[in-house]
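Every chain is named by a letter (A, B, C and D) in the order it is written, and numbering of its residues begins at 1.
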Amino acid sequence: MQRIINDPNEVVEDMLKGFVLAHPGLIAATGNPRVLKYAGAPIAGKVGVVTGGGSGHKPAFIGYIGRNMLDAVAVGEVFTSPSAQAFHDAFKTAHAGRGVACLYGNYAGDNMNVKMARRLAEDDGIEVKTVVANDDVPSAPKSEREKRRGVAGEVLMWKVGAARAARGGSLDEAVAAAQKAIDNTRSMGIGLTPCTIPAVGKPNFTIEPGKMEVGIGHHGEPGIRVDTLRPAREMAEMMLDVILPDLPFSSGDEVVVLVSGLGATPVMELYILYGAVANLLHESGIKVYRPYIGNYFTSLEMMGVTLTVMKVDDELKELVDAEAECMGLTQFARRATT
Amino acid sequence: MKDSFENQDGESIVFNMIETIQKNAKVLSEIDGAIGDGDHGINMSKGFTICKQRLEANPGDFAGGLRTLGRVLMAEIGGAMGPLYGTFFLELSRVAGNQQTITRECFQRMLESGSEAVMSLGNAKVGDKTMVDTLVSAVEAYRKAAASGADLAAALAAMATGAAEGKESTRNLVAKVGRASRLGERSRGIPDAGATSCALLLESMARSIRVLLAKE
Amino acid sequence: MQRIINDPNEVVEDMLKGFVLAHPGLIAATGNPRVLKYAGAPIAGKVGVVTGGGSGHKPAFIGYIGRNMLDAVAVGEVFTSPSAQAFHDAFKTAHAGRGVACLYGNYAGDNMNVKMARRLAEDDGIEVKTVVANDDVPSAPKSEREKRRGVAGEVLMWKVGAARAARGGSLDEAVAAAQKAIDNTRSMGIGLTPCTIPAVGKPNFTIEPGKMEVGIGHHGEPGIRVDTLRPAREMAEMMLDVILPDLPFSSGDEVVVLVSGLGATPVMELYILYGAVANLLHESGIKVYRPYIGNYFTSLEMMGVTLTVMKVDDELKELVDAEAECMGLTQFARRATT
Amino acid sequence: MKDSFENQDGESIVFNMIETIQKNAKVLSEIDGAIGDGDHGINMSKGFTICKQRLEANPGDFAGGLRTLGRVLMAEIGGAMGPLYGTFFLELSRVAGNQQTITRECFQRMLESGSEAVMSLGNAKVGDKTMVDTLVSAVEAYRKAAASGADLAAALAAMATGAAEGKESTRNLVAKVGRASRLGERSRGIPDAGATSCALLLESMARSIRVLLAKE
């Protein structure tokens, strides 16, 4: 295990220490060591925007704490949901009197911990509403969409929900915007190598060289099949063939595309894939309104990629384009030169 | 042999569960590693060890120990195990809380209430290859023994056997929830990690309580 | 080779296509397929700022093209200097009448190609001045500083030189600022795994599991020694022990710290390392003015890290803090919340 | 056997060099792969192949072919090889450029001028385990043969032998520049890739010119 760590059981603690030191003025620690917040939070008059999830997905989740982004994040062990207590404390941290939008991914642990945390927050008189991301198409058939996992589409859900809240939206409005974002978003991943949780010390699944796991999840959850490794342009086709019919996306649609590496895939390759995706979308008459290419939601040192497509209308465009400042996604308000 | 024990004497039961988890952490991780992500022992022993520190600083009775354990698991563990075991022990504690003496009937209510809470939170059913398989088999065995007139000690012995059987039953199941579900058919042949830890915990409780019952 | 590519001999072409498609309004193609430019370049009245280098180092080099950053970049094959022609065309592309600052790294190929390109540019009447980054301390003793390679410190050199040019600096001023930046910058890398050039198909060096190569270069150039893998805090110490005495940095200094992953190391680990670096600097009485942590200058899918430290005065602070917009480094002008 | 050849007849010399590089691309990459980064054959054949396309579209004489080759390498190859081989062939072309007939003396000036330009650009010395070892040994052999009265054909034969010897000499050297220098002592035992390609190119030139000289 070729790692830059101290005690493998303390990677989350050590990472959080470094993260807080690295982003003064943007990130602040809180009373709960497993909760970080935006230095400016809670922001008077603003709906609090919160998420939480296991570690090992950088920039997710704490990398999206910031200006016009998330107010507080509950932090779990590597690939493990944060505790109910952490979610509860994150709610309290972000709450400025107008309620809290908890925008998180559909995993058994997260569902349970958020459920318990909401109960606790209710006792405090904090209104919490949730949006559960389920953009990962291969994880369940469309008829069971509520079973699908949340993957890189969460980044767009956060961006949109947080921008709505930053613009003065009510709790219902922020939640509605985030829900609309995720309802219009579909994703799919391809895994090329496994990854190793530091505390475990060896990969807990394998992908043979020359193979790829189509539809893999963000923690190595099983895909829909193992296939021989294909050229980037066939991978793009394969993913769009699953993603596009599911919403469905149709000719004339405008979309945001997010190509996120899983961690160890060189960024060069993400652009190669994007080139293929852009061509195919063009051929389908679908217009890319705005692409994001980079490591937005990773799985430690897995090689591979997640492709995410979100259909946008004027409202979603406006919210995606809003200025944002955080470790994972800093952008100026859209103008000619972006 | 007594047929009940005092709540105030029962903290040792919790300490023994902690020791059991600490001792078996490696084994639990190995089982989880065979078909899951290999961290079950790490997750569990982390929570149970923190609980030990709390209890040493702040001793109490059986219900109090269970409450601390449940709270710590809920606060510190996260994942699915934190809320599931957290809920389980908080439920045991809630039912035991206002009882001075823990009788056979009381312990049965504790078990039933705990296992129902786990199932309603986690939505796992018997046969899904989870801790629920252990729990349901153990509670069933306890209930049957009690219904046929067994005393507390005998009912606990039945529970331990039921737990072991429930755990063993997971060996030939295919995982339907949790990380092991990745493997589908390949998850057959290895018992479930949560089912194993649950059996260890219930066996430990049965043993500890029987020791208390044997005391003059 | 678990890769998301098409023809391994065409990875650079394919990547460039995707990159141009991904950043409309920011990046534009030019007449030379191996030269990309800022969409707004050449900028009337501004000194052109150019670099060039081999591919496989994303965001370097083209990821630093942008507003208040580089105007044009010459692109080479993977780990291969761009041709003299590409440098020459980049100079012409960036030139707006006030000359061109070519800020590049000290590699044999780059030196030769820039030298030839300058000759060609002279014939065109374009004044080109160069700054050659040589921040990699382990690559040569201090007495032979001119032999040292340029590594992640180049990012700071570009940031500073480009900001000076963007503020209306003359060619001499832009070059002086960039030179000052690199003269105050020292770096060192540690490699944990090798990497594979797609066209070659297998790693061209090895690092045994459980070992680390101390002082490794950005293309796997040999380090000063192979050591057993150490905890992050010892790595930090090891690197600072080489870096700090070399400038030297002393108690009371203010520094910019850049921790760049080499590609496949999870970003979590970069923060763990930064936590250790920050503690050690604090103990040495050195104040971190601004840290950058992320994948700023990579080597395909190598695991490992480069630590870069730049001593800053008021001028360097001002230029580092300037607003910038590019794929690799987008930041708002420094204010309370950064 | 003639003792000189016409510039306008010499383009085949360039075509033959191109073919040599294309044929040996795999071998060159393998040699580079043993102690360098394994791309020498790829780099070279890429440039030489582009040159071939240019020449086919736009035929010319010996100097013209060399100029196209030099320019393409300079424009398309990058790395250290682009400017080094680019400079080499541009220098050959420059010296040959205004000569209608390429004599023994002329070819000597071409070689000397080319090898000096390579050394002044790249700063490698004999013994650094680079193409310079081949080049210097070849030029030296040609010069010696010519000085002792050999005709062009014989001087070229000497050059080819000198090139092969120079290349062979790199086998037992430790690399001092370029990527192979990573290996230090371990680079011993394998010849240098650039030295190998340079010997192939010079041998090819010698062979092609001798064919021209033999023609009536």
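To be clear about the criterion, a contact is a pair of C-beta atoms (placed from the backbone, for glycine too) under 8 Å apart; a residue touches a chain by one contact, two chains touch by 3 or more.
This one's a predicted model, so the numbers in the text were calculated from it and none came from an experiment.
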item: Shortest path length from subunit B to subunit D (each step joins two touching chains); value: 3
item: Label of the chain whose CA centroid is most distant from the centroid of subunit D; value: B
item: Intercentroid distance (Cα basis), subunit D paired with subunit A, Å; value: 55
item: Centre-of-Cα separation between subunit C and subunit A, whole angstrom; value: 28
item: Rounded Å distance, subunit C centre to subunit D centre (Cα mean); value: 34
item: Graph class of chain-chain contacts, one of line, ring, star, complete, other; value: line
item: Contacting chain pairs - touch in the sense defined above; value: A-B, A-C, C-D
item: Residue ranges of subunit B in contact with subunit A within the complex; value: 29, 33, 36-39, 42-43, 46, 74-80, 82-84, 86-87, 121-122, 177-179, 181-184
item: Subunit D partner contacts - residues on subunit C that touch it in the complex; value: 9, 54, 76-77, 79-86, 108-109, 112-113, 115-116, 197, 199-200, 202, 204-205, 219-222
item: Subunit A-facing residues of subunit C, complex; value: 1-7, 11, 14-19, 21-22, 25-26, 39-40, 55-56, 58-59, 63, 67, 190, 192-193, 207, 209, 212, 229, 231-233, 235, 263-276, 278, 288, 291, 293-295, 298, 300-301, 303-305, 325, 327, 330-332, 336-338
